[in-house]
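Lettered A, B, C, D, E and F in written order, each chain numbered from 1.
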Amino acid sequence: MKKIVTFGEVMMRLSPPGFERFTQTTTLDIAFGGTEANVAVSLAHFGYEAAHVTRFPDHPLGHSAVSYLRQFGVDTRHIRYGDGRLGLYFLETGAASRASQIVYDRIDSAFMRIQADEFDWETILQGADWFHWTGITPALSQGAADCLLTAIQTANRLGVPVSGDPVYRSNLWQYGKRPQEVIPALTEGCTLVLGNAGLFAHLYDIQEKDNEAAAQALRHQFPKVRYVTDTNREQLSASHNRLSAWLYDKERAYQSRTYDIQPIVDRIGTGDAYMAGLIYGLLTYADPQQALEFGVAASVLKHTILGDANIASVSEVNTLVQGDTSGKLKR
Amino acid sequence: MKKIVTFGEVMMRLSPPGFERFTQTTTLDIAFGGTEANVAVSLAHFGYEAAHVTRFPDHPLGHSAVSYLRQFGVDTRHIRYGDGRLGLYFLETGAASRASQIVYDRIDSAFMRIQADEFDWETILQGADWFHWTGITPALSQGAADCLLTAIQTANRLGVPVSGDPVYRSNLWQYGKRPQEVIPALTEGCTLVLGNAGLFAHLYDIQEKDNEAAAQALRHQFPKVRYVTDTNREQLSASHNRLSAWLYDKERAYQSRTYDIQPIVDRIGTGDAYMAGLIYGLLTYADPQQALEFGVAASVLKHTILGDANIASVSEVNTLVQGDTSGKLKR
Amino acid sequence: MKKIVTFGEVMMRLSPPGFERFTQTTTLDIAFGGTEANVAVSLAHFGYEAAHVTRFPDHPLGHSAVSYLRQFGVDTRHIRYGDGRLGLYFLETGAASRASQIVYDRIDSAFMRIQADEFDWETILQGADWFHWTGITPALSQGAADCLLTAIQTANRLGVPVSGDPVYRSNLWQYGKRPQEVIPALTEGCTLVLGNAGLFAHLYDIQEKDNEAAAQALRHQFPKVRYVTDTNREQLSASHNRLSAWLYDKERAYQSRTYDIQPIVDRIGTGDAYMAGLIYGLLTYADPQQALEFGVAASVLKHTILGDANIASVSEVNTLVQGDTSGKLKR
Amino acid sequence: MKKIVTFGEVMMRLSPPGFERFTQTTTLDIAFGGTEANVAVSLAHFGYEAAHVTRFPDHPLGHSAVSYLRQFGVDTRHIRYGDGRLGLYFLETGAASRASQIVYDRIDSAFMRIQADEFDWETILQGADWFHWTGITPALSQGAADCLLTAIQTANRLGVPVSGDPVYRSNLWQYGKRPQEVIPALTEGCTLVLGNAGLFAHLYDIQEKDNEAAAQALRHQFPKVRYVTDTNREQLSASHNRLSAWLYDKERAYQSRTYDIQPIVDRIGTGDAYMAGLIYGLLTYADPQQALEFGVAASVLKHTILGDANIASVSEVNTLVQGDTSGKLKR
Amino acid sequence: MKKIVTFGEVMMRLSPPGFERFTQTTTLDIAFGGTEANVAVSLAHFGYEAAHVTRFPDHPLGHSAVSYLRQFGVDTRHIRYGDGRLGLYFLETGAASRASQIVYDRIDSAFMRIQADEFDWETILQGADWFHWTGITPALSQGAADCLLTAIQTANRLGVPVSGDPVYRSNLWQYGKRPQEVIPALTEGCTLVLGNAGLFAHLYDIQEKDNEAAAQALRHQFPKVRYVTDTNREQLSASHNRLSAWLYDKERAYQSRTYDIQPIVDRIGTGDAYMAGLIYGLLTYADPQQALEFGVAASVLKHTILGDANIASVSEVNTLVQGDTSGKLKR
Amino acid sequence: MKKIVTFGEVMMRLSPPGFERFTQTTTLDIAFGGTEANVAVSLAHFGYEAAHVTRFPDHPLGHSAVSYLRQFGVDTRHIRYGDGRLGLYFLETGAASRASQIVYDRIDSAFMRIQADEFDWETILQGADWFHWTGITPALSQGAADCLLTAIQTANRLGVPVSGDPVYRSNLWQYGKRPQEVIPALTEGCTLVLGNAGLFAHLYDIQEKDNEAAAQALRHQFPKVRYVTDTNREQLSASHNRLSAWLYDKERAYQSRTYDIQPIVDRIGTGDAYMAGLIYGLLTYADPQQALEFGVAASVLKHTILGDANIASVSEVNTLVQGDTSGKLKR
């Protein structure tokens, strides 16, 4: 069984039931999520060993977050408790032409207060087959960024492949650094990078407008990088999207099938579901095309699942991969 | 007022609310259903007399099942209580490309323990205008199969028309018989049979690939059969189907209009809704085309109704039959 | 900040959750609504001052109705309490080809018992920039009709523009008058009238079949009228509509963009949302086309919002007006 | 099996969940109730045949009321449909020193519009063993009062024992009659009367202050009366009551055990539960003491049951009658 | 009509429904509260004018907080919006021997970021009959403390009576000041002070152990103080308390009746309910004993009401004051 | 950190919300429980390592049961999947004099189908500090009984202390054995036995009527037994109990404090909570009195917690042990 390690903040997600708006609801549904933890939960649900590393406040809400991860079988032994808040985010779910809306409330979280040397990565990554990080972590605090760099370097030393999703959120990065100062060193250690020409231009000053050319430029800049990948999403409305993905394995380009998704039940975490599916695929199948198709199908299914994480099974994903999108009742 | 009798198991249906998955829900919504009882509830809701015959355990859950039937006006006086469980099924509702899923938990039910002579069919069928059965009942136990055969033979003796839906579920039939040994004798007494060429090949060794030819072959094999019918369903996704139906009245073929159904609220029991609608139509209208259109429109409406049974009214069905699918608000 | 005054009955709306039918629900969700109050709530939510004038019973349900209005910032100081019931309506939400259904229970309400001189309109309309009424009010009782006439005449005297939505509901008008005897005098004082050729034929005996010609005829009959407007709705199903609107500003015709709306979350109050949006637009923008587009976009958004009133924000409406209907997540 | 007939209005009851107040709730739980129908439901639940006679509007809410009665096995064949509203009442549940509160909304109901000759009592009461009425019915309208008088007289003619609960509610009686003009003629035909000295003074001008003496005076005034009974309730708080009851069988006095009830789950219908229990007891047991104890124990259990009607079983009541109030878990 | 002004933070309160624990709930009920705002809501509910002054973030959660206050008729015109979070607190409700538990999450709130000169107190307090503050506000930040001091001094200048509840919470006061440095100057301007000997010793170095003596010492230290008051609470369990209160009006001592409260529905805000009741009493009744009894009875009722604020009516409070704690159903 | 191993069936528990009865509910709340697993969950929640051994069906309901255990940190690695059902039980919660009621539906469960040699106890018990079993397991099937005997013998061989709760349920034991044939051999290997004179008479033919004497007789019959213990429960009603416990440590008798518990939120699993508390106490404290008090206080707290398992913390239990039952709010 493969073992994957992820590192990042986990927030409590609070959302009005159904299509209620913030200003009319009297109740909030609880879920937990964080882009890296979502990957871990999905991989654990696919049957692999997944350990998530993070830091929580030592009070009942922090404990609930741990319970959430444990219930899906995620290994939580490396999680640490300390001062600071539990990050929260409030989610209002849109429909048709009304967009979903997120109010973040993650300031001064226990995760942000992480110290560079808080985790013993040597031990944590022992025996791991994959390590995954995203651009949220280094955007939160210097401690988190330092800690992540150590993790990646340790993974490199131990020969553990690393995937990076250097997503950029402009409202983070408030501790004095710009992403361009931090992200390249993290990308250095990656085997797989998620992103497109636009993002690479912003982060790495890559001038190619075309995804393929940009991917090759990225590989030249960071020679460890073998895979470059991203999804293409056509947003017809908050309830209706079309999705496909592409993957470069060194020079070779792969393009997935395109899926029509309607209605969308929960849009959050569909990118993480893609990443988890792709990692599963690359760890399981020899053929990159098969890995790519597994990733997209996993993401497609996530759109029908409430919560941040993709709790679809391998067999459900494979039903889609094999071309059956009929949604036929399973008895 | 017409009187219809149905016979079969009724299960408690437990389903996570909305689109929640089994592994994330903390609550289950209760409904009750069984393919034959669904037909009875729908016909009672259309304003006809409907009596359902079954066997329940004599405890609060069995009593709740009776309450459920009674609330729709189904005559429950012939129901018997005894040992055994209340059959259950767990339903997870899918969306888009995620299929709905059923976990059956019906082993050793009070219904399965039925004795061949447990019901006085002579009395029960007195004055009835129709009797309906399905292939689930003879698949459950020898006692249920024997009991059903007696019911059909009594109906034949009393001149009560019989409809049969000889649906085949491979995971039933665990008491030592194969359907081919049991179903033909039951089909013998039928005026109306639901099914298509594929099913007839499996059950009756009819080799015709085409539905029309297969229907005629069936009528030759079972001379009492006057009507053969089935629905055509195009499954675009778990949320989007297209539906039509066909009917052979002796040699004459009828084809219904096709409906586009989106979104699907509850797919379960839509076949039973068709059967109830068709029986209502055949008992009410002289024109088989009208009966067929009533049946399909009834089934179409059921896709928008929660629970196993079609609680649409005759006037709602007729709105569709008359071509208005605009869903315009009724004040 | 502009100030708008509206006048009309507010009912408690009771609806089964989700897609449950009346005969299967065990709980009813509470909202409050009335076509004129919906306009007030929407305008208050857009940030303008809105005062609603009505009459409630002096018991906890009447107080709840006031709380509802107050929570959106509607000025409730002119509301009066007295004898009579709180009007109710029961709403069942449809889907696909199953229509939504309303059971009204508004007989003998506190509003119907209004006396002609119950309100001091001189004070209420002081400083107002707009007054809005609909054809529901004069259909309820002689007192309500008289009171409304006084309000319109006072508005005219004070130079406050008046909009009228002379909607006709055949099951109202039970106090002995026909709409043709009452509505014209009310229309007399209007700057803006909502309706189409069919309605104008019925109410004002205007024979033009074409909306444009009928609008011009209306302006000739009622010289104060400057704007005539209405929406065009194509009802594909209870879950899927297409919507646009047109506006005549004196001789000049404006036509809005057309929106595809799927799925519809709540169809009730979408006409009121259009009216509120249009009033907002006319009070805010110099260009009638911009006002019209704001109105339609407001109405489109309302289809995605639970309850009678449009609690979309100006910026959400403008996102649509600017052409973005992608429903892209806002962080 | 004994057969009981009851006659009276059934209202939809709408109550905020748990201890929420009217002005803070966003949802209302649905139940149905009416003092006479509550007696019918309880007796049907005890296993006797119970038929309830009433009149409903012919719309989905009226149909829901019928479904409610049917689900408990109450015979609804004599119910008629017609014009008028479905009576409603809104219930807020109190706790400790905060009282429960009811807002009635029953004006102009379909029941109030009953015609004197609307029901064929001869047929309805055929084979009945008991008929029960209360003082609510004659307080609603002349038609209802007339209809009830016919029912009682028919029962007397057919030899069916009659029980009357001539409860007085001052906010009813709005059709021009005083109870003193109407109730005595109804009491005339009774075998059993519920009430105490205070009520008898008010209705029948009986001057005795003591319940026993007043009961005897009542029996002298109405010679058909054999049983006089009432409960004694000590109200310590909305959550804590003490309850007992007394019964005069001709000259002989019986006094029940006293029960301590804490916490009270639902206080509504506990008097009706007593009446149903007592009727059950008198129809089942030879010993009036046993009947009385059954009645009180039934009422005590009702305090723990949500809704208007007592859905306790005979065996649960008998557990209390036999002295076990330990609430010990039944496996 | 009297007008009261309050000033302080309002937090969103999130609590698991019923008796669920934090670690097992999947949903949180929303309420809003803050000790001073609770006083304002209660006084508004009693029918007086109440204005609450605070500062919220300008996002949907801040707007919801305003909606909450507005729905009870609290004047929210003086509320300001700005940067910072919406303070939150998570509440788990206990029962019997299990205590209720609060997790505060109020760090860096918009309220804490208040500037000393953010509000124009001269305008706000114009025409006011009372100003109320508590010890939470000066414990949050220097800006809040400064702002409060200005408010009190302005009230003094305008002749508006001031009440202070100098409650001490050790986990606040994190901005570098000790309460002893701040509270005395605020107490200086008070007419009424809530507290007992223990609190006064801590805050004002008053050595008297007895409440009466301590109250007199307080009055010597702060000559403006006329009333000193506090509640006595006997905590038998989380579900069962006994409550009374005392009041010194200058030299004269008043002692209230003692109430037994069981079961407790919601313990939060019962002290604020006392304060609101007492202020109402002092502004309404000439007799301090009557004011005191009104305050205690108000607090007693609050224990039966969900949420932070006492939404009991004056007539409900007076029912208790007049000695009726029977909780008898009000029809 | 201590490590405890438990073995037994885990069922899905389905219960109507609040005080709803089976026949009136439309929804069921999900929990999971089993007497031995409840002990494991409580001990895990106290912070010890707890592993539960059982067998589930390999479908989503079985997976949900595992998720439930995992979320509390119970080690589920030794759980096996196979054929058979997931055992269920339906629970209706009583109040006051209405008893709670359980309908078991556990026939033919995956656990019952356990094979004697299905688990490698040598590995499972390696490093364990305690093993716990109950009389439910050997009552279910020969395979379960055999498997348990192996577990106890292995524990004995490895020097792991064993506790047994030989509870007798007459409706189990349907596989042909009587408890007297099976339980003694299991008791043989126990260090601690839960039970009283009545149970010991039934199971072991011990004639002593007094608990102390019976305990000593038990120790003579089974020389390994060091501790004998049980709770004393006075059942005043379904909502009000009094609880204490006693413990014999060899010859020495200990008696706990008595607690008054009102209201009871959830009575299920309170015995298991005692056992978990006692095991925690014996593993943690040198003084048996302290262990005993910890056990009783744990059980008392469980009465206030929904679900089968005690999710109180060590510090909450110790608050009670130290005498504070005031339920005072913790901030």
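Observations on the model:
Going forward, a contact is a pair of C-beta atoms (placed from the backbone, for glycine too) under 8 Å apart; a residue touches a chain by one contact, two chains touch by 3 or more.
By chain, with names taken from UniProt: A, B, C, D, E, F = Sugar kinase.
Just so it is clear, the structure is predicted and the values come from calculations on it, not from any experiment.
Looking at subunit C (Sugar kinase) and subunit F (Sugar kinase), the chains that touch each of them are A, B, D, E. For subunit D (Sugar kinase), the chain whose average C-alpha position is most distant is A.
Which listed pair repeats D-F comes down to matching contact pairs by residue number; over half match for A-B among A-E, B-D or A-B. Taken over every residue number at the interface, the positions common to subunit A (Sugar kinase) and subunit B (Sugar kinase) amount to under half, indicating a different-residue contact. For subunit E (Sugar kinase), the chain whose average C-alpha position is most distant is B. With each centre defined as the average position of its C-alpha atoms, the distance from subunit B (Sugar kinase) to subunit C (Sugar kinase) rounds to 45 Å.
Taking the mean of the C-alpha atoms as each chain's centre, subunit A (Sugar kinase) and subunit F (Sugar kinase) sit 41 Å apart.
Shared interface positions of subunit E (Sugar kinase), i.e. residues touching 2 or more other chains, are given as 18, 21, 23, 26, 67, 101, 263. With chains as nodes and touching pairs as edges, the resulting graph is of another kind, matching none of line, ring, star or complete.
Screening every pair of chains for touch gives A-B, A-C, A-E, A-F, B-C, B-D, B-F, C-D, C-E, D-E, D-F, E-F. The part of subunit C (Sugar kinase) that touches subunit D (Sugar kinase) in the complex is made up of residues 14, 17, 21-23, 25-30, 59-61, 63-64, 67, 85-86, 88, 90, 92, 101, 103, 105, 107-108.
By the touch rule above, subunit B (Sugar kinase) contacts subunit D (Sugar kinase) in their complex via residues 67-68, 70-73. Residues of subunit A (Sugar kinase) touching subunit B (Sugar kinase) in their complex: 18, 259, 261-265, 300-301, 303-307, 311-312, 316, 319-320, 325-331. Interface residues of subunit C (Sugar kinase), counted against subunit B (Sugar kinase) in their complex, comprise 18-21, 23-24, 94-102, 104, 169, 171, 235-240, 263, 267-268.
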